[in-house]
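Just so it is clear, A, B, C and D label the chains in written order, and each chain counts residues from 1 on its own.
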Amino acid sequence: MTSPEFPPYSVRDLSLAESGRHQLRLAENEMPGLMALRAEFGETKPLAGARIAGSLHMTVQTAVLIETLVALGAQVRWASCNIFSTQDEAAAAVVVGPTGTPEAPAGVPVFAWKGETLAEYWWCTQRIFDWSAEAAAAGADWTGPNLILDDGGDATLLVHRGKAAEAAGVVPEPADGDSAEYRVILDALRESLADDPQRWTRIADELRGVTEETTTGVHRLYELAREGELLFPAINVNDAVTKSKFDNRYGIRHSLPDGLNRATDTLIGGKVAFVVGYGDVGKGAAEALKGQGARVIVSEVDPICALQAAMDGYQVARIEDVVGQVDIFVTCTGNLGVITTEHMLAMKHLAIVSNVGHFDNEIDIAGLEAIPGAERIEIKPQVHEWRLPSGRSILVLSEGRLMNLGNATGHPSFVMSNSFANQVLAQIELHTRIEEYPVGVYTLPKRLDEKVARLHLDALGVELTTLSQEQADYIGVPVDGPYKVDHYRY
Amino acid sequence: MTSPEFPPYSVRDLSLAESGRHQLRLAENEMPGLMALRAEFGETKPLAGARIAGSLHMTVQTAVLIETLVALGAQVRWASCNIFSTQDEAAAAVVVGPTGTPEAPAGVPVFAWKGETLAEYWWCTQRIFDWSAEAAAAGADWTGPNLILDDGGDATLLVHRGKAAEAAGVVPEPADGDSAEYRVILDALRESLADDPQRWTRIADELRGVTEETTTGVHRLYELAREGELLFPAINVNDAVTKSKFDNRYGIRHSLPDGLNRATDTLIGGKVAFVVGYGDVGKGAAEALKGQGARVIVSEVDPICALQAAMDGYQVARIEDVVGQVDIFVTCTGNLGVITTEHMLAMKHLAIVSNVGHFDNEIDIAGLEAIPGAERIEIKPQVHEWRLPSGRSILVLSEGRLMNLGNATGHPSFVMSNSFANQVLAQIELHTRIEEYPVGVYTLPKRLDEKVARLHLDALGVELTTLSQEQADYIGVPVDGPYKVDHYRY
Amino acid sequence: MTSPEFPPYSVRDLSLAESGRHQLRLAENEMPGLMALRAEFGETKPLAGARIAGSLHMTVQTAVLIETLVALGAQVRWASCNIFSTQDEAAAAVVVGPTGTPEAPAGVPVFAWKGETLAEYWWCTQRIFDWSAEAAAAGADWTGPNLILDDGGDATLLVHRGKAAEAAGVVPEPADGDSAEYRVILDALRESLADDPQRWTRIADELRGVTEETTTGVHRLYELAREGELLFPAINVNDAVTKSKFDNRYGIRHSLPDGLNRATDTLIGGKVAFVVGYGDVGKGAAEALKGQGARVIVSEVDPICALQAAMDGYQVARIEDVVGQVDIFVTCTGNLGVITTEHMLAMKHLAIVSNVGHFDNEIDIAGLEAIPGAERIEIKPQVHEWRLPSGRSILVLSEGRLMNLGNATGHPSFVMSNSFANQVLAQIELHTRIEEYPVGVYTLPKRLDEKVARLHLDALGVELTTLSQEQADYIGVPVDGPYKVDHYRY
Amino acid sequence: MTSPEFPPYSVRDLSLAESGRHQLRLAENEMPGLMALRAEFGETKPLAGARIAGSLHMTVQTAVLIETLVALGAQVRWASCNIFSTQDEAAAAVVVGPTGTPEAPAGVPVFAWKGETLAEYWWCTQRIFDWSAEAAAAGADWTGPNLILDDGGDATLLVHRGKAAEAAGVVPEPADGDSAEYRVILDALRESLADDPQRWTRIADELRGVTEETTTGVHRLYELAREGELLFPAINVNDAVTKSKFDNRYGIRHSLPDGLNRATDTLIGGKVAFVVGYGDVGKGAAEALKGQGARVIVSEVDPICALQAAMDGYQVARIEDVVGQVDIFVTCTGNLGVITTEHMLAMKHLAIVSNVGHFDNEIDIAGLEAIPGAERIEIKPQVHEWRLPSGRSILVLSEGRLMNLGNATGHPSFVMSNSFANQVLAQIELHTRIEEYPVGVYTLPKRLDEKVARLHLDALGVELTTLSQEQADYIGVPVDGPYKVDHYRY
């Protein structure tokens, strides 16, 4: 796995691999879905020939996913999709591989470490598309991946923007309102265009599809499809029930308090917590905070979700009306600017401000940095006190990025086993039945969704009841499912 | 409102009207959705010309629905869709009307009382299709209703079976396994065929559509549509989010413990409760029982719902494995035979057996009645002790029918205001834009679903947040909604 | 059981006895503590010779208590301790007795019916002290009871006030602020003094003790003891853990929503509920409302309880600051005037006002009645709309008296089995070991408290763990308990 | 702060002080009780002249306590009471002090670091009694502390055992069953006796009292008092309501899932958790696990607590009956051997075994180590996989010691502010009013308990209601409290 120009992998420290391997081993016990897929498909290797460019938080759980993809026959390169979310020991373990050593790594090329700069981040993302070493080793006629496994859509974005720039022959200048991050991307593309004016066009042509993990990434895909710009078929893994209703909800229920605790050790009980957005993520966040004895206030723009929040016993208010009473803010919207500098200036002393929804623009971090006189003090990595001209401080977690990844270790293995089993099944679908997927955005068929759920029941001691034929006929479903109409909401 | 052959209405006792009117007045305060529709459409009367045959539990809440339909210009005839669910004082108040007196009723013809026999039930259902008095009064060329408002699909079933029988020229003989109820329907149709061999054909021809309230009724409609037998367009009100996720879940959360308490006064706390089925109804049932301190065990056939139950903290088991530990059984499946006689014989002494899902075949009541030596003792109406050959007794509520209606007063007004606002909007859709609805089954557009939610927020003190144009653009929705993709699950 | 002057019993209708007996039979299954005491002491009859004057809500559960006292050898006369709380069919069943018939009643003399006037109430209370019929039948030298079983302390109050008046030779004139009820008591005493100037002195002399059920009654007893006016020993049953922490908390958790539902059918979910007082009763009330999806606000005067409420996730506020947002008020304080007319005038239209704490002075009902222009409309018995000069109405339940008894059927059997098992054990203590109880107020020893708990475990399927001798020694307790120091708070 | 023989302090690394100081500053914001005491008593310095030997987990919160004691005038020396619980940066910050530097520390002598050996632990504990440096600096006639602030009773135990050994002239030989730890203590005492045969006698004579934090320590004190061996008065801080009902319950509710998450990252939702013991700690543990979606099973020996667990909705079972279904074990008993090697051998693969109750004998760690063939693998510090002859592994947290301290950072600041405010008030009581405390064990008066609660309300936005004089008189309490009888259970 050498490459002439770039290092064959780039992680913090391979000596962390042993510790990482211990954690992988424990995680495997908590990821029955992935292990069942290894058992089911380890022989037939349905992913043989798949070259997967993965961009997804490089955690212990993702390590089990990567090794499952490999067990099913795929070749893989990997980057994280967030500058703070890498667990360095997991990255090391994946590079070393189950049979390698730090001195002779025998695993998968990973480009990720905790605490990347934005420039480093996009450098890493570009590395997962550079398969020159693999191609050389195989004497192949291909040069890049044929599948993307994406989370948030950055890898997919890069390909689409890259090809567009190459078609235009020029990378657009950043506009006034563009984010710092977008400028970094444009710089990277500009460099690429100068270096090789057909790189992304070539990569795009070889790609057969993408499977996408998140609400945000899926949203981008539907937009691309609507505008006729989508370059290859996409499977929306996010909207599998066993993803959106499990990862988004139960994952956050677990990892939100975990992140708050590791970051601040602040008692949650008795405090006033404000949850911005009551979608699946917000529902999980509110439940977790309530379960710890917080008084939860929710804000919503969607009247249906707002009514749900009220019926679940939460006060539903606008942030500006209660901002001064709140101890803990959690944004869960996937939108931008839901906590503004004006809000931050009105907060209590040492109010905690955190995001589990989306990007760092959900909280206006750029605006915060621009407040004259605001002073940033690092309490510990990913925990910053901002002293504000209001005379008060606020505590910002993970610099406004996903705190459950930046301050904790992300969603726990069991939840991710659901999401990742969907990812694996989606990759198999695209790799083995691509002819059934013209360019467009697809969700997984319900039978696969039910299969993913089924793979996780034993581990929880769940005893499933079986329909009799008479009962199945009565409600008009096969005895073995699928059991619900497509629009069923669970 | 006289008719030559039949009484103009048939309820328990018109002197109950004053008490019923008090309750209607209180219910109006709890049904902000319906009252808002009266305010919005009371002038323009979009239902002028609508002749609605309603078959839906004749409760206080339904009375507010009926008077809302009238306020919007409709003519209405009404029956209950369950032999036990009528609140006699509500029925009386509707017949008397807001301006009438028991001596000079000026309201709507209702045919319903608590405790109908099956034969009476189907007689009542036939009455809502007999508009001869209204037609005569209007000197009209029509003879029946042009819309059905249905709950469970009995009214719709009757029209479809009636027309089919008339086409065949004969009513089929009951088969061996047919239920007692089905035999009553066949008898009624046989009589009708003898009396007027084109009655149902004529009625079917005049009908422009149906709006259906329940999972079960909707299921029947999709079957009819799939088999090409559906006679007119149908709007599936059940699957509006503000219906299925509110009525089914929050309604049961309220009315299940209410029914248990009124029926038995048994402490729920500390008891073992078994919830059969973890759909929306089961979720509400489990939450209510847990909220009262019961230990809840769930059974499921669908692995996704089973996994949800486990993640929500419930034991998931098969009924046969735990039947002897359970104090309270609640069926929530919409399927048949989920509690069998074998189960009932294995239950604890005085275990409570109840159904909030569907028909009385969900619990095998027919099988129970057929157990040799089983003795039925009426503790009070709708509460029966069955002494079994096991030497133990069980307590069966509402003879296996919907106990939240039979033992309590059904879902509370606020929940029903959501469901019924959907019904009203669906009736308006069919009446005013029928050309957009070819024969088929439709759900309400999301904008109406969000509208229904919006109408209920003020009453709960919910303050909705407004998207900025920038935020709306960022997530690609209009500022005023709809806010979600169609497949969003809430 | 005839008496020259007064009827031998006074209940609504003996023909209700059969229905009452059915309910007693079901309740016996839910009262394992009382049934276990019948089994343990039915032979030895430790209450032989006890003549118990009982003043406690005449419900189905109390009927099982009464028949338990009888089974243990006692003679009993009974009145209710609340004008609304009697279940007439239970009263009838107790009078008829398990072996009697309505025509030939063979049970216990009960003086109670649902909906007594205040004058009737105190007439009934006097009847439980009039044992002339029993004395005549026995040819006895005693004339009254030797034990009181009290709830709220009315029976005990009457004896103390009666004896005091007889000592003074005069009944005091009512003062300006005295309640209507107190005036009724004074009238009754005045009549008694005229009729027999030594009646209460004689009754007091024969009494050996009282066992008291409630916080309020116990409070009065401690006051009497502190002022040296207590006439006989008293056992404080209220402060047994298996009473105060079970009846007060879990009983209210059950019966509060039951009362709200039967009274109003209003959806609790999504509503704002205000719980005045966060003692055991308030804790149960808040939990029940939260379990139904209400948003609960608590008020408190005690900083420790206030802190508990906050840590349990509730907003803690003063009533005057939130009164206009609240849908449901529940008072749980045992104090007076916690909801004032000023508060009531500021409430939302049709806010529900109810009391589960204590007397009807907890809500200022007298003040409400005195508001000029306030109009009272009976929606149904125990549910009154008050139209106020504010232009709004409020709904007052049970005229401000205990709504869980007035609007529902009180605490469920299982909870009362705990409380009443304590009562029975306390009566046995006083009757069999009176020499150990000089005049004063006592709580039951912890071993009896643990015994009561133990009697209820099997019915809930609880498997208790047993200490090894080594473990018992390590923590310094006997293997069989008691397990905790006296000040342990559970 | 130099001493001839021993280092003046002993912590991991003074360069951690800056980071520790940041955390102290944040913690001060979360410890309103301690900060209010600094404000109230900072001027008058009621602890002037107090020489406090502190033995309590050396965490960030304890650092705020220590600096509060100093602010009130006390001199302090400190050790941790657990080998794993020290937060090294907090220890460093306390040594450096708010005004010192790592080069010129100006704080309090601390002897504690995370991961002490048993021998080191007892060496540290001895250091808090060695005030030779302070005495020399003051030219004082005293030689040791005059007060102990204890947690678990180790410091108190050492004094009592030391003095007893000196009286006997010999340290007893360890018996066969004695723990490894006890042997270490005996060794330490033997060395001390050889070195200075009157050291502990002298120390004991100078001590005026102890304030004790925990159930276990308090239990030892009551035993000493019962056996007449207690050497000085003791205040039982543990049984203040604002300690036992807050620290024990709400503290564990917070820190148990925190410890589980940091140790294992295992999803709690959907898992079966087994809580041994349902006292205050067990109640908090069960609530936390339920709040995260676990299915909780409880075991109990006390029938009252068992009944509470059932009424709170938990299954109550014996460990041996369900051991094979459980994913997470948590012991909360304060007893020994509640999880035995037999239990451990029967557990699921990778079941998590943890203790939040007491010592490492609560789980039979010694027995585990003695299982032939059992292999211990360190996953990370304080997390060990034990491969058992059963072919399965279990995960043992913190080697069976308190995992909320070993795997997390202990109870959060806000909870500890309650407990520690009680400690400070108790130290003031002993120091300023010692004459009112003859040798014996005392709880704090209720007025101080209410005061502690009151100090914490503002921070949570709690608005307390004030009794009117009429209301206070009605219930017979002062307007300003105390509000409850002593036996009130909260």
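Please note the rule applied: a contact is a pair of C-beta atoms (placed from the backbone, for glycine too) under 8 Å apart; a residue touches a chain by one contact, two chains touch by 3 or more.
Protein names from UniProt, one per chain: A, B, C, D = Adenosylhomocysteinase.
Bear in mind that the values here come from a model prediction, so they are computed numbers and not experimental data.
Number of steps on the shortest path from chain A (Adenosylhomocysteinase) to chain C (Adenosylhomocysteinase), with steps defined by chain touch: 1.
Simply put, of A-B and B-D, more C-beta pairs touch at A-B. Centre-to-centre separation of chain A (Adenosylhomocysteinase) and chain B (Adenosylhomocysteinase), using mean CA positions: 42 Å. Inter-chain spacing, taken between the CA centroids of chain A (Adenosylhomocysteinase) and chain D (Adenosylhomocysteinase), is 40 Å. Chain B (Adenosylhomocysteinase) and chain D (Adenosylhomocysteinase) have Cα centroids separated by 58 Å. Counting only residues that touch two or more partner chains, chain A (Adenosylhomocysteinase) has 250, 269-270, 290, 293, 307, 310-311, 315, 460-461. Across the complex, chain A (Adenosylhomocysteinase) meets chain B (Adenosylhomocysteinase) through its residues 219, 222-223, 239, 241-242, 244-246, 250, 280, 299-311, 315-319, 321, 334-338, 418, 443, 449-451, 453-454, 456-457, 460-468, 470-471, 474-476, 481, 483-487, 489-490. Contacts from chain A (Adenosylhomocysteinase) toward chain C (Adenosylhomocysteinase) in the complex involve residues 269-270, 290, 293-296, 307, 310-315. Every residue of chain B (Adenosylhomocysteinase) that touches chain C (Adenosylhomocysteinase) in the complex is listed here, in rising order: 19, 22-23, 26-27, 29-30, 60, 250, 253-254, 257-258, 261-262, 264-272, 287-288, 290-293, 325, 349-350, 377, 379-380, 385, 395, 408-409, 412-415, 460-461.
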